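The next block holds one structure in the form of structure tokens; read it before the comments.
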Amino acid sequence: MPSRAGTPPADSPRDEPSETPPSETPVIEAPALIDAAALIEVAGLNRVYRRPRTSLTRPGEAVHALRDVSLTVRRGERFGIVGESGSGKSTLLRLLCGLDRPTSGSVRFDGREITGLPERGLRFLRENLQIVFQDPMSSLDPRMRVRDLVAEPLVALGLPVGGRVAELLEEVGLPASAADRYPHQFSGGQRQRIAIARALAPKPKVLVADEPVSALDVSVRGQILNLLADLVDELGLTLVFVSHDLAVVRHVCETVAVMSGGEIVETGPVDDVWARPAHPYTRALLEAVPTLEGLL
Amino acid sequence: MLSVDGLDVHAGPVRLVRDVSFGIGPGERVGLIGESGSGKSLTALSLMGLLPEGVTASGRATLDGDDLVGVPERRLKRLRGREVSMVFQEPMTALNPLMRVGAQVAEVMTLHGRPRAEARERAVHLLGRVRLPRPEQIARAYPHQLSGGQRQRVMLAIALANEPRLLICDEPTTALDVTVQKQMLELIAEVAPALLFITHDLAVVASVCERVVVMYGGRVVESGPIREVFTNPRHRYTEGLLAASRLTPRGTRLPTIKGSVPAAGGFPDGCVFRNRCPHATEACEQEPALTGDGHAFACWHPAG
Amino acid sequence: MTGRMNASLLTGGALVGVVVLAALASFVWTPHDPTLVDAARKLHEPGGGYLLGADKFGRDTFSQLMVGARTTLYVGVVAVGIAALLGTPLGVIAGMTPRGWLSELIMRVNDLVFAFPALLLAVMLGAVYGADTLTAMIAIGVSTVPAFARVARAATLQVMVTDYVLAARAAGRGPGAIATRHVLPNIGSVLIVQASVSFAIAILAEAALSFLGFGTRPPTPSWGRMLQESQELLFSTPRLALWPGLAIAVAVLGFNLLGDGLRDFLDPKLRRIRAER
């Protein structure tokens, strides 16, 4: 069929070279909690991948996906992370969500260290932090019905399902009849609604959205962004919103961290960063984005 | 120069593109915009004679008098890559991973009868023309050694190799980073002899093209000079699309178009947009004609 | 399933159906007792109640073919069952822990078994435990395990890098649930195809073993042994070789076509293209 709407490649870790096993326990002790409002605290995070070796005598080349990244997300905050492919934003996201282990550094969620924990120790994180992925085509198992997809986090965490699926579908603006159908029977925007319903199932405190609208048509993008804003307000969620588009982040978030080459090059209130970008990379990024207002 | 008149694209009983007409003059840059399912890519592919299996085009399209639609593959082959060429969205898969870049650029020239040595030399020249640094070195590289932006430049060099009269670009920068996109767009605008630029991104089309054709549901709903169409949209779909692409300040609601784009074959009769249009009335059950000189639109209840 | 029937699927299904029907019917009815030796009917020509004639012992060829179908399917089911039940979990484990030592171990042992000829294994097992249908089936099954493990591993690797597996992990799913809920359903179609191809190979292998005398023991009819027994009369009474040969060809072709057809039928990507058109 005709081309899908734009899907800028996220710096997907799939393409990344094979990884070296991360050192067992992170060495750096996280600084003591000072900010009581802090919900996610990242300190001195590094992630090094190693390319497959090409020579017998030398080990594969090391790739620094993340260099010494630190940031704090406060309760109820809408925090944006902006970067292009290869900036390390996807790696950071995976570490925040406990889907990967850092080479060094710490990630604390609600005061508890999550790095180095085995999967069964991450239950508190899974209950409280859920993700919406970029491409709703690929993030929903094509062989599962919507009912099972939405209920999956509940089942996985051993929480009661009950009438929650219908409730969630209504919350994201889908008919209850959607539950019996398969993902491919829905349009892109509707699929992203399903993904959002699923993420909200265990009533998390934090919603992490990884480029949730970049695979969608413009006419649908607004619907999803409005829906996210409504849900964040109603449910009092903390939002971590990752995007390659600073303009979208400016619409959604209060605070932004701009990433490039595995580092956070600039961070602050999004309006300040937008109006007075301090780092040359941020300036280049802002200049590069074509805007209708600027062109007409 | 290029003239498309009443182009239809069918997949079995389903009409995917209906009665599309537009033209491109020499040196003109025209944008074809639409969302998924609008038929914009099929329109482009039918001009190249590259429609997928089971999809057929009818109607008339000519490039300087040469027919592009409904002619045998043998004749199209001569035109393709020579008179009209295309750059695709995905720079990762469009190049042969086992062939050096220079050889791939040279190949399109030898295919159309240029001597091998000359083609090799010219390939390096072309790689320089699309502003790749150290073209001699790039020519010897394999695709995986290049970045996405560099690969897309190579694709552009291949497209330009035989000095075509028309360049078609299908979302050439969608897979690229914004900082790379900007340079690529400038380059395309500079080197294209005449351009048909397909995209879903209004801002991108505004930065490259002079004229725009807006498609929805397989039909042209509006066309005209870009500044005119974007500042004074007449079709309700164009109006909604423009509103939806402007990001309002934080805390405000974004304007939206209700519902979602129907699946292929699921668009309503009459005006294709009427099931999502806030201004639709009974009149819209009749198909509106594309009317207007210069700035044309197909709407019973135009805006403005 | 929203896939559309295709020619391979229909033809393959029909051919396999004929074999299955013959096998089922043989339980309740055969024209004659397929094991009844009757010197009076030695090399009886086709006709007169003997549709395809009789062999050198006077046994009815048609009845033997029907009961032989039973043996063939039995061998196929057990051999492929062994291969699938062992190979699939091994392949899935190897695919889910691509860099672990366990995965390495599984795949290296796999290569070892793969390098060992199936027929040789069957002959060895036959020599040690006595040649009969069961040892043949086990030998064929065990030597088909690597094929399943490889296919399952390759398919699992593909599924493991999808966003929906990442999403399932983020939702809190453990490896066991990911394997059963996400990996198996999504590699199922590949495995079914592999099964039908292996089925065809197993049928051939059983026929070959019986032909060599390492498979089904007399008097149980088997297509392979029918071929073997027809050997000395190949020039005088070629029909004795023709019919079991044809039966083997039909069954093998049937299962191969079925596998081909199923692959297209079950492929969600092909299905999506169809849906979009």
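Residue numbering begins at 1 within each chain, and the chains themselves are lettered A, B and C in the order written.
Heads up, the rule we're going with is that contacts are C-beta pairs under 8 Å (C-beta built on N, C-alpha and C of every residue); 3 or more make two chains touch, one makes a residue touch a chain.
Note that the structure is a prediction, hence the values are computed from the model and not measured.
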Chain located farthest away, centre of subunit B as origin (C-alpha): C
Among all chain pairs, the one with the most C-beta contacts: A-B
Subunit B and subunit C: spacing of chain centres that average the CA atoms, whole Å: 51
Interchain centroid distance [CA atoms averaged], subunit A/subunit B, Å: 32
Rounded Å distance, subunit A centre to subunit C centre (Cα mean): 47
Shared-contact residues (touching 2 or more other chains) in subunit B: 263-264
Where subunit C touches two or more other chains at once, by residue number: 276
Multi-partner residues of subunit A (at least 2 other chains): 1
Residues of subunit B defined as touching subunit A within the complex: 16, 34-42, 89, 148, 170-171, 174-179, 181-182, 185, 198, 200-204, 206-207, 227, 230-231, 240-242, 244-250, 253-257, 260-261, 263-264
Subunit B contact footprint on subunit A (complex, rising order): 1-9, 84-85, 187-190, 217-223, 225-226, 229, 244-245, 247-248, 250-254, 270, 284-285, 287-293, 295-296
Subunit C residues touching subunit A - in the complex, by the definition given at the top: 99, 161-164, 166-175, 177, 181-182, 185-186, 268, 272, 275-276
In the complex with subunit C, residue positions of subunit A that touch it: 1, 14, 18, 97, 99, 119-120, 122-123, 126-127, 130-131, 133-135, 138-144, 152-153, 156-157, 184, 195, 198, 202
